[in-house]
Every structure is written in structure tokens, then in C-alpha cells.
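Here chain A shows up in two complexes: once beside chain B, once beside chain C.
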Partner chain A sequence: MSLFKDIKALLLGFWTTGKHIFLRPLTIEYPEQKRTPFPRYRARIVLTRDPDGGERCVACYLCSAVCPAGCISMQAAGQADGRRYAAWFRINFSRCIFCGFCAEACPTMAIQMTPDYEICNRKIMELVYEKEELLIDGCGKEPEYNFYRHSGIGIVNPRGGNVDEEPPVDVRRLVP
Partner chain B sequence: MRFTTIDILLLLVKLLLIYAVVLTGAAYLVFAERKILAWMQDRKGPNRVGPFGLLQPLADLIKMLTKEDLLPVAADKWLYLLAPAMASIPAIMTFAVIPFGAPFTLFGQTVTMQVSDLNIGMLFFMALSSIAVYGVALGGWASNSKYALLGSIRGLAQLISYELSMGLSLVPVVMLSRSFRLSEIVNAQADLPFIVFQPLAFAIFFISIVAECKRVPFDLPEAEGELVAGFHTEYSGMRFGLFFVGEYINIIVLGGLATTFFLGGWHGPLLPPPVWFAVKVLAFAFVFIWIRGTLPRLRYDQLMHFGWKVLTPLALLNIVVTGWWLILNK
Partner chain C sequence: MIEAARKAGIVIPHFCYHPALGSAGACRLCAMKFLEGPVKGIQMSCMIPAQDGMVVSTTDSEAVQMRSLVIEWVMLNHPHDCPVCDEGGECQLQDYTVAGGHAIRRYKGKKRTHNNQYLGENIRHEMNRCIHCYRCVRFYQDFAGGDDFGVMGRANLIYFGRKDSGVLESPFSGNLVDICPTGVFTDKPARFRARYWDYDMAPSVCPHCSLGCNTVPMARYRELLKTTARFNDKVNGWFICDKGRFGNDRVNSPERPRYPLIDGERVGWDEALEALVRRVGEVTRQYGTESIALVGSPRMSLEGNLLLGQLAACVKAGLLSYFIGAAEGEASMAASLLVGEKSRSMAEVREADCIALFNCDLLEEGPMMALAVRQAWRNGAKIFLVGVSSPELKKLPFEFSAVDLIDEVPFAGCKSPVIICGTASADISAVRKAAGAPAGVTFLFNAPNSFAAAMLAVESQSPAVSEALAGGKIKAVIAFEADIPADLPVGVELLAVADWMPTDVGRKAGIFLPVTSHLEMDGTFINNEGRAQRFKKVMNPGLPIKGLDPLLHPPRVHGKTPQGGDVRPSWQVIASLIERFGGERVAEPLDGKWAALRNLDPEGEGTRIS
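On to the complex of A and B.
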């Protein structure tokens, strides 16, 4: 009979909620207990350096272009040897949505996400991070990668004789 | 009846006691509800203010009192200002007729643990619960807001519908105890509470008082998913607080009435009578909270269907059967 079925369903509901009174809450009480985020957690953005200690950022504006919130801005400049760098680099964390597109777009692995999520601030202007605050002394998640040893070889060294590099192919001699 | 000084003093003491206990109880019921609901949802609930969050009601009160008391431009000013009081005063007035302990002798006088032992106590309660409808109706009307008006229309229809089944479910109690006086109803249950004889009437009464409190699953007047906050949408500050605390006073009072009518009031073994009364009322409050944590809201037509086509006929049938039973056992 459907009435008994309904009553049984009701009582089952009460049993479930009653049971949960005695179960351990799932709450993590934040300021006292902090959960450890996963290594790939997307929070505060940093600018990393290559293994030689030079700035990885080549000021290509890709991060700035891909940013949905439009919170990254910079000014490109060039060194005498042809290396590009950002004269200034600014991320407005009060607008950042931590989507990680900038880190994905970065061709030199310069801009990276870190798991440090505690960056809130009452003074909103202090959430605008300049290059000095963004730049870290380390390689972040890519400890070996150096842009100028791979894709950017032609800029700092002549092509042909570098590590892991084969001499340029003469396309006219490749015919079978 | 002549009042002596001692009578008046005793009355004042009882009034103050009831005010203090019921209002504090209502405030802590809010806290208990937040805690228990949180536990049911695997959360911890308020635990920041004081030990275990026990000072939370005080913090809420300070917050309510210091908030701005908004008056909508288009509102009917006097009704708008009056409505919260009309919702909460009848609730606490009902407590005047509830006996919460055994009478005892003090200074050679019999002191009843009841403010006023009216000979029509039950009718007094029915009348006041009807008056409490005005708080909802006028609050929603005077706000001059669509949501509030819809909420108060629903509230009116719901409260009137369920008052009927509530009143009818109490008739067998009167038939069994042969009195409208609440102290006599309690005394008639000295051996066995009426819930044993009248489980159906108890069930109907209980469902009706849940609807009278406008609580889940009958919270259509304030359905927050549909009507923002229903009849008290426009209220802020302590006026909202009055509506809010009125709801919890209502829980205590209606729990106390259910205790009085069906669970034998303050009667009980071992423990002192007021403690028994408190235990039973708190058990009711807990079940109210449990229901809120479990059941979803009814649809409006289901609510009306249930009230008029299920509860009311059942209550009428119950009266007839009780009458028969009383005649056969005379």
C-alpha cells in the first residue's frame, strides 16, 4: 500500500538525518586548521627565474592577452644581447580570478601558480603586485627549463652548436 | 476574588519568571536549531562567540538592535510598525494558561504554577492563536511589497485551515477530561497521558501545530526559495527579530500545549514537575528542528489538500469514535 510506503520513506529520512547528528562534522575550522593544498593548486601567481638565475619572462604579452579579468599589465624592454624582459610587470590580485590561463599561456614557464592562497588584504591597493613582489629566486615547477637554451637559442647564441641541438637542415638537400 | 499583596507579588514573580525563561529559551532555541541543523548537515554550527558558541544569541540580539530599522516609503506606517508585536505578543500570552508545575503551598497559600487558571483555557489559546494570524496578515499587507503580500495571503489561508483541524483534534481531549481548564486536563492525565487513548488526535494536533508555527514543511508564508522571506521580507533590525523570536516562542508555547494536552503536562516519575514539563517541551522543540532538517516544503495545493481533505475529516471521525467509546464505557 502506498501510504505505508510513504510513511516508511518518511521514517527513513528521519533516520538518516538523525544518524548524521552523531557523525563527525566535515568542517575544517579555517584560521586554526589549515588544509594543505595540492601542489597544482591555483593561487598566488609568481614570476620564476631560469636555472642560471636570469628572468624567464620575455614580456611577450601572452598572459596579459589571455587574462579574462584583464589584470596583468607590463612593459616590454630589450637588453643589448637581444633578450627581452619586462621593464615593469603588474598583476592586480583584486581582479585576478585565479583561472591559471596566464600560466598555461606562458611560453617560457615564467609565470606560474603557487598554492599560497592567503593573500587577502583590507587595503586593496596592496593587492596590486609589482614585479619586485612577483619575482621569486627559483625555478618553480620547472627546475630545468631554460627558454634561451631551447626555443630562444637564436637570440643569445648562434644556431647550430648548442647542447641537444642538431645542425640546421638544408631543405634543398632533403629530397630522396 | 480579592487580591492580597502576596497574590500580586506572586503573580509578578511568575510573570517575570515566564518572561525570562520563555524569552531566553526562545533565543537559545534559535541557537539550538542552528547547532542541530548543522550537525545534521555534517557541519559544526555557530561556535565562535563564547564557549561552544553559547553567547551567540546575545551577539545576534546586539546585531539586531543596532541594525537600521527600515520603513518602506510605500508602507502603511502604523500597521507596519505594529505587526511584529502582533505576531509575537499573542504567542507569549498563551503561556499564561499553561500549567508548568504542580501546585504547592507557600505562606499557607496554594500557589499554582500557572499565571492564570482560566476555566476556558483551551478556548483562550485558540482565540490567541487566531489573533496571531493578524501579525502575519497585516505585516505582509502593510509592507506594500508583492512578496510580503503573497506570503501573508498564504499565511492567512494556511493558519485558518490548520486551526480548524487543530481545534477539532482538541475536542476529544475535552471530552475525556470533561473540562476546558488546562489544570484539570493535566490532572486527568495523572495516570496515563492522553496520547495513549488518542494517538490520532495527537498526530493531527502535532501536524497542525507545525503548520501553526509556519515551520518546515509548512513554511509557505516565508518560503525563502520563492518569496524572498515571505511576509517579513521588508522588515529589518529588531522588528524582523520580533517576528523571528515570535516563531520560536510559538514553538515553546505550542510544545507546552501539546505536552499539556497529550503528554500529561508536568506529570512524571522521579523528577520534579517543572523539569518534566521542560523535558517534554524541549523534546517537542527537538522534533520540530528534526523535521526542519529532514522534510522538504509542501506545494501549496498539497498543503490545502492535506489540511482540508485529510486532517479535518480524520479529526471529525476521531471525535465521533471518541464519543461512541465514551458512551459505551460509561
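On to the complex of A and C.
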């Protein structure tokens, strides 16, 4: 009996393999042929700008804190007008696992994942991207948001001048 | 109730309550459900004294809901600026907002805003973030006696600040940074520099005067960014002074020496130490070991100063000294000899009922002592200022009566009188007088480890450096972290200096050895009352990344030791010199009667040595 079973198993195997001769091939001839991933595919990370053209990243250190690979580092600094920005910002893509936690943690929509998955390199130091290489000239997936229009500290508008704010209180006023 | 719960290991959320400032009932966050006992229902636990028979629930659904509504209400006007707020990550409001589960804003109205004030170069004001807990005024006015900062307005207009923009006058103003549960007051020099989770920090001791207040210095990328207070009931309590908090520059100074030098040329450690041994040998052959002076320092750790004695024995040095000026040394030595049982801690000063300020400028020589005296004064103690009533004395934060002589102070009727006596004027008769009076004594010295240096000087009977140098016999001076005058007598042939600060005498030294500051090593200081306290290494030594070229950019090369990071604690340098001079290998600097200090808990209260 066992001999019969073995022959059946063998024929089934051949049949399964043979079927594929008549199916369309799934293999893609990379790199001649390239797939277009979905827009939410998580690959090369960029730093975006707000709709007014300013750098979105305020160097809050949340992405570097959440990063499980510990591959983001930066130094915050302040401009004369009080705007906080990253004096330098560095992602080590040789360590990044493209988990997307950084993009999720970012309170200003600055750091975003793009579908560009072709960033392999033989020289490890070239996988360490600096701010200049990360910063793009657009808003990425979030065309509307400008953090400073909601933050209440008066950078793009005077203090109390954002739509969701009252003008500053006059402490000496007598009217309630 | 809040304290009773804390003792039982239950944390009740709170903003306005603070152990040093008491309760105010202002924030409404500590709401608990009182189930049994004299009061019932939802009550503020900071306002109800704990009693027997009370049953209180922190998790009762009504209490939980009350607290989450309080948070939502507090957040109505809170700006949306955590990402650019320096308190973020160490903010009580953030923590309790997350804990209360408030994430979505339901209120659609507009937010109240305020204009900020300029409060000086140390503290940054951002009034939008205020939650009206009144901690700042209660600290500034009640606890610290400041009168240029307060609360103004009413209802929704309420404002915490000065009458007009201007530098805060209180020498304790920096504590606003610690005490405000939100980001209204933040440390300006550290503005935008780092987050709590990125700091290198460790329990440490303030090096700026002899009181030895407990601190937590916070550093990142080998740069000391800010210093915060650490609780020690026996010493500083909850707070520190502005000198201790904002005196961070000298550790970060770009002038700091980082490399061993022989006659100004950069060399390796082995080369420098060998050269030192060789040159000491040359001087010895010519003039005898009598001509060699070893100088310790009241700002060097106890470990270093102790080993210096062993090194002196090894080279049979003619002079082992810990003080520069004769008078300063004598006054400190006398003070350390005289205190013994009569020594009073800052905690005991806070409890005293009669305090005489003798021979000192309190806010100059030990600012936190003034705050301690103020607490005694608030509790009804009588304060006497002896001798001086000069207008140059900084404004003391308490009332006092001026008397001419220490004998006029009525100690007799008091239960716990204390004399606070300075040694800066190096007046030995004052020191003797203070020690002889029928009261406890607290001396103030000029450096964090003066007490230890004085003790060792007494033990080794050592005279001051200036005296010995004037004698003309000294031909070689080896100084560790000592502030010796740069114009040494002509006869001195060898000058070797080990220091972490750039000093004039260091620049003149034939052999220079760079050592670590107290933030880059473990060590021990003995404070003004004779309390040994351990400080831990906070950060790695080396040039701060910020100072490196290209500007603000960390290097893209890798190595085990950072640039300028090959510096060693003084005691290790002394230990290796001991070995090179033929002494025994030192495994543990605290030996003999000091061995008891080996396991000193850096987070404990310290140990009084007698």
C-alpha cells in the first residue's frame, strides 16, 4: 500500500510543478524591471517642509527616542525669532529597520517614509544621511499642516494671532 | 493625606502640593473618594489631614473621573507646544495628562494667551503654559523671601511674573525651574539643547561652595547643560542656589587643558609621568628631598588629597601642603578641629531657635545657608547679625537684629542656638570665639572640600605653601588642582601642575597633567559641617561635540576615546606616581580609617565624620 501512496505523491508533485508551465510568471526582472510600491510603503525617510516652505522638524527628539534601532541623532537649536530647528540631523540607514515608528511619533509631520526602497550601498558611511540629504522641498503626504500655526508661541503669527487663540491677556485690565 | 499615602507607597497625582511648600488646594488634581471616617465623598487629599479610621479610595470611578476632568479643564488653555517646550519629557502636566487618558480636545473655544517677560539670562518665561498651581509664588515669596515676583490679575487673567520685565533678584530664583510642574520657567542656558531621556546624569555634589548641596548635573555629548537640585533632608532640602545651578560654564570651557604637556609640548601620559619622576630625581640629587613641595587642594576630592600624603611619604617630600595662604589654612584648620560635637547641619539650622551670623557674608559664602536661616526665622527663631551692618552685605531674606559683639547674643535662653561663622576673612580669633560660645557652630569655608583638606593638614602638621615658598628652600613644586600664585620665587626649578581648570600657574608649568573635573569621576567631598558625600561620574571627559569642527557637526569618524578625553582623575595620577616612585600599588584610595567611606551611598544623606 505504501508503494501506491508514494507513486501518487510523486505524480501529484509533478502535476503541481507542470501546471506552472502554463501560468504567467510572477518573477520580476529587477533591476531592469521595477515595481511601484504603494504610497504608504515604508522605505527611505525624508524630512519635509511646511506649506510655507519652512523646515517642519523642530528637533523635538521624539523620533530619536522612539527609534528601536537608535539610528536617529540630532541637535536642536533656536533661531533668533525663537523658532526651534535641527542644527544637524542624522539617520543611519545601515541600522534603520524601516519600522515607521519615527514617522508615527513625529508631532509636526516632518519625518515621513517614502516608497523609495533603493538605497543599498557598499560603503556604510554613505548610508549615514545628514539633514541636507534628508530634507526635501515639499510637504510630502501632509500638504496642510504647519505646527507653528497652532503652537501658540508666536513664530509665524504674532502671539495669540493663530486662528484658535485669543489675543494676549492684558493683566491690568479691569473688565472681566 | 497625600503624605500618608506616599509613605504607604501610593502616589496620589498632584500639582500644587509640595513637601517643602505645603498644600494650597489650588489644582484640584489630588481628588480622592473618602469612603469612611470624619469626611465623606470627593475631597482634595492634600487638604485633609490623615486620621485613624479613614478609608480612602484612589481608584473609585468617581474620583478617577474627577481627576480626568480636572486634567481636561487644565488643558483647555494649554498651548499645543510640547515639541518645542524644554519641559517636555520631564513635565508633570504631560505625565498626568497621559495618565488621565486625555488625548482628544473636545472644547472648541479659543485658547487664552499671555505675553512673556524677560527674567534674565538664566530663566525663560512662557506664561501660556501656566496651570495656576501657585507653586512659584509660594516658593519665591514665602519660602525664599523674594519680593520682585508674584501673582497678578484675577480669574482668567491671572499672571505669574514681575511687575515689569527684568532680571529676577532672588539668589534662589533658579528653583522656579524645578518647582513649576509645567514649562513656564525653563533653564535658559540649556534651552533647546536636549531631552530628559538623552541626558547623562548621576547624583552629584555642588562644587561652588563648602555647603555641599546635592545636585543632579545633566550633560549630553560631553557638555554640562544644566544642574538641578537633589533632595537631601540633612543638607540642602529640596533646593539649590543660583550659583550652584547656573555655574556650569567652567566645566565646558574651551580653554580647559586636555593634554599632558612637557614644556608646552604635547606628550603621552607615560612620557609626562616619567619626565616628572626624572626631574624630581634631578632636583633631589642636587638639593635633597627637603626641597620638594607637594600641594593638594580644598577643591580636590578626598581621594586625591589622601593619596597625596602617601606620595609625600614615598618621595620624602619636604613639604606637604593643602592651603595656599597661611591665614586661610589656619582658620580652616582651627575650624575643622574645633567643631566636633558642636557642628550643626543645615537641617539643624532650619530647626534652630536663635542664630548668630558672625564674620560672614552669607549670600556670598554659602547662599543656601541663608535659605536655611530664613526657614528658622519663619518658624520664629531670632536672628542676630554680629558686628557688621555694612550696606554692602547683600540683602538677606530674613529680619535680624544687629549686635556689636558675639557675647551680646542671648544664647542662654535658647534651646538650640547656632552660630554661623565664616572663614573667608581668615580671622582665627573669630573662629575660636565662635567655637567657644555656648551654641552649636556651622563654619563656612571657601571650597567644597575645605573641611577634608583642613583635617589632613592638621594630621600632617603642614604649613601653608606661601610660607614655605617664602623660606626659599623649595626647589620643586608639584601641585594638584591647587590655586598657587603664578609668580613663584626664582629659586623654584621644577613646577608640575595637575588641574582641570585653565590657570596661570598651569600655563607656566614645566610639566602639565590634565585631570578630570568632579563631573567626570567618582569621588568624595566633605562639606562644611564634616559630612562626607559621594559624587558619581556624570559624563565622559573629552571635548564637547558642540565645540568641534565643523561647527555644531559631530565627526563622521569613530574611535574609542573622544578627542581630548584622555584625562584622568587626580587620585589616579597620584596613584601612578606613587608606583613610579617605588611605592606600593594603590588599589583603593580610601584606606585605613577612611575605609568606612568606601560604600558611601551617593543618594543617601552622607556620613558625618568626627
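To be clear about the criterion, the second predicted complex is superposed on the first by the 138 of 176 C-alpha atoms of A that agree within 3 Å, B and C clash if a C-alpha of one lies under 4 Å from a C-alpha of the other, contacts with A are read in each partner's own complex, and residues count from 1 in each chain.
Here, a residue touches a chain if its C-beta (ideal position, glycine included) is under 8 Å from a C-beta of that chain, and two chains touch if they have at least 3 such contacts.
On a predicted model such as this, the values are computed, not experimentally measured, just so you know.
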Partner chain in contact with A:17 - chain B first, chain C second, else both or neither: first
Chain B versus chain C as contact partner of A:58, first or second or both or neither: second
Chain B versus chain C as contact partner of A:25, first or second or both or neither: first
Chain B versus chain C as contact partner of A:107, first or second or both or neither: second
Contacts of A:171 with chain B and chain C, given as first, second, both or neither: second
Comparing the two partners chain B and chain C, which touches a greater set of residues in chain A: C
Chain C contact footprint on chain A (complex, rising order): 58-62, 64-65, 73, 75-78, 84, 87-88, 90, 107-108, 125, 128, 147, 150-153, 159-160, 164-173, 176
Touching residues on chain A, where the partner in the complex is chain B: 10, 13-14, 16-18, 20-27, 29
Chain A contact footprint on chain C (complex, rising order): 79-84, 88-89, 110-115, 126, 128, 152-153, 155-157, 159, 191-195, 197-198, 221, 545-546, 552-554, 556
Chain B residues touching chain A - in the complex, by the definition given at the top: 36, 38-44, 47, 290, 293-295
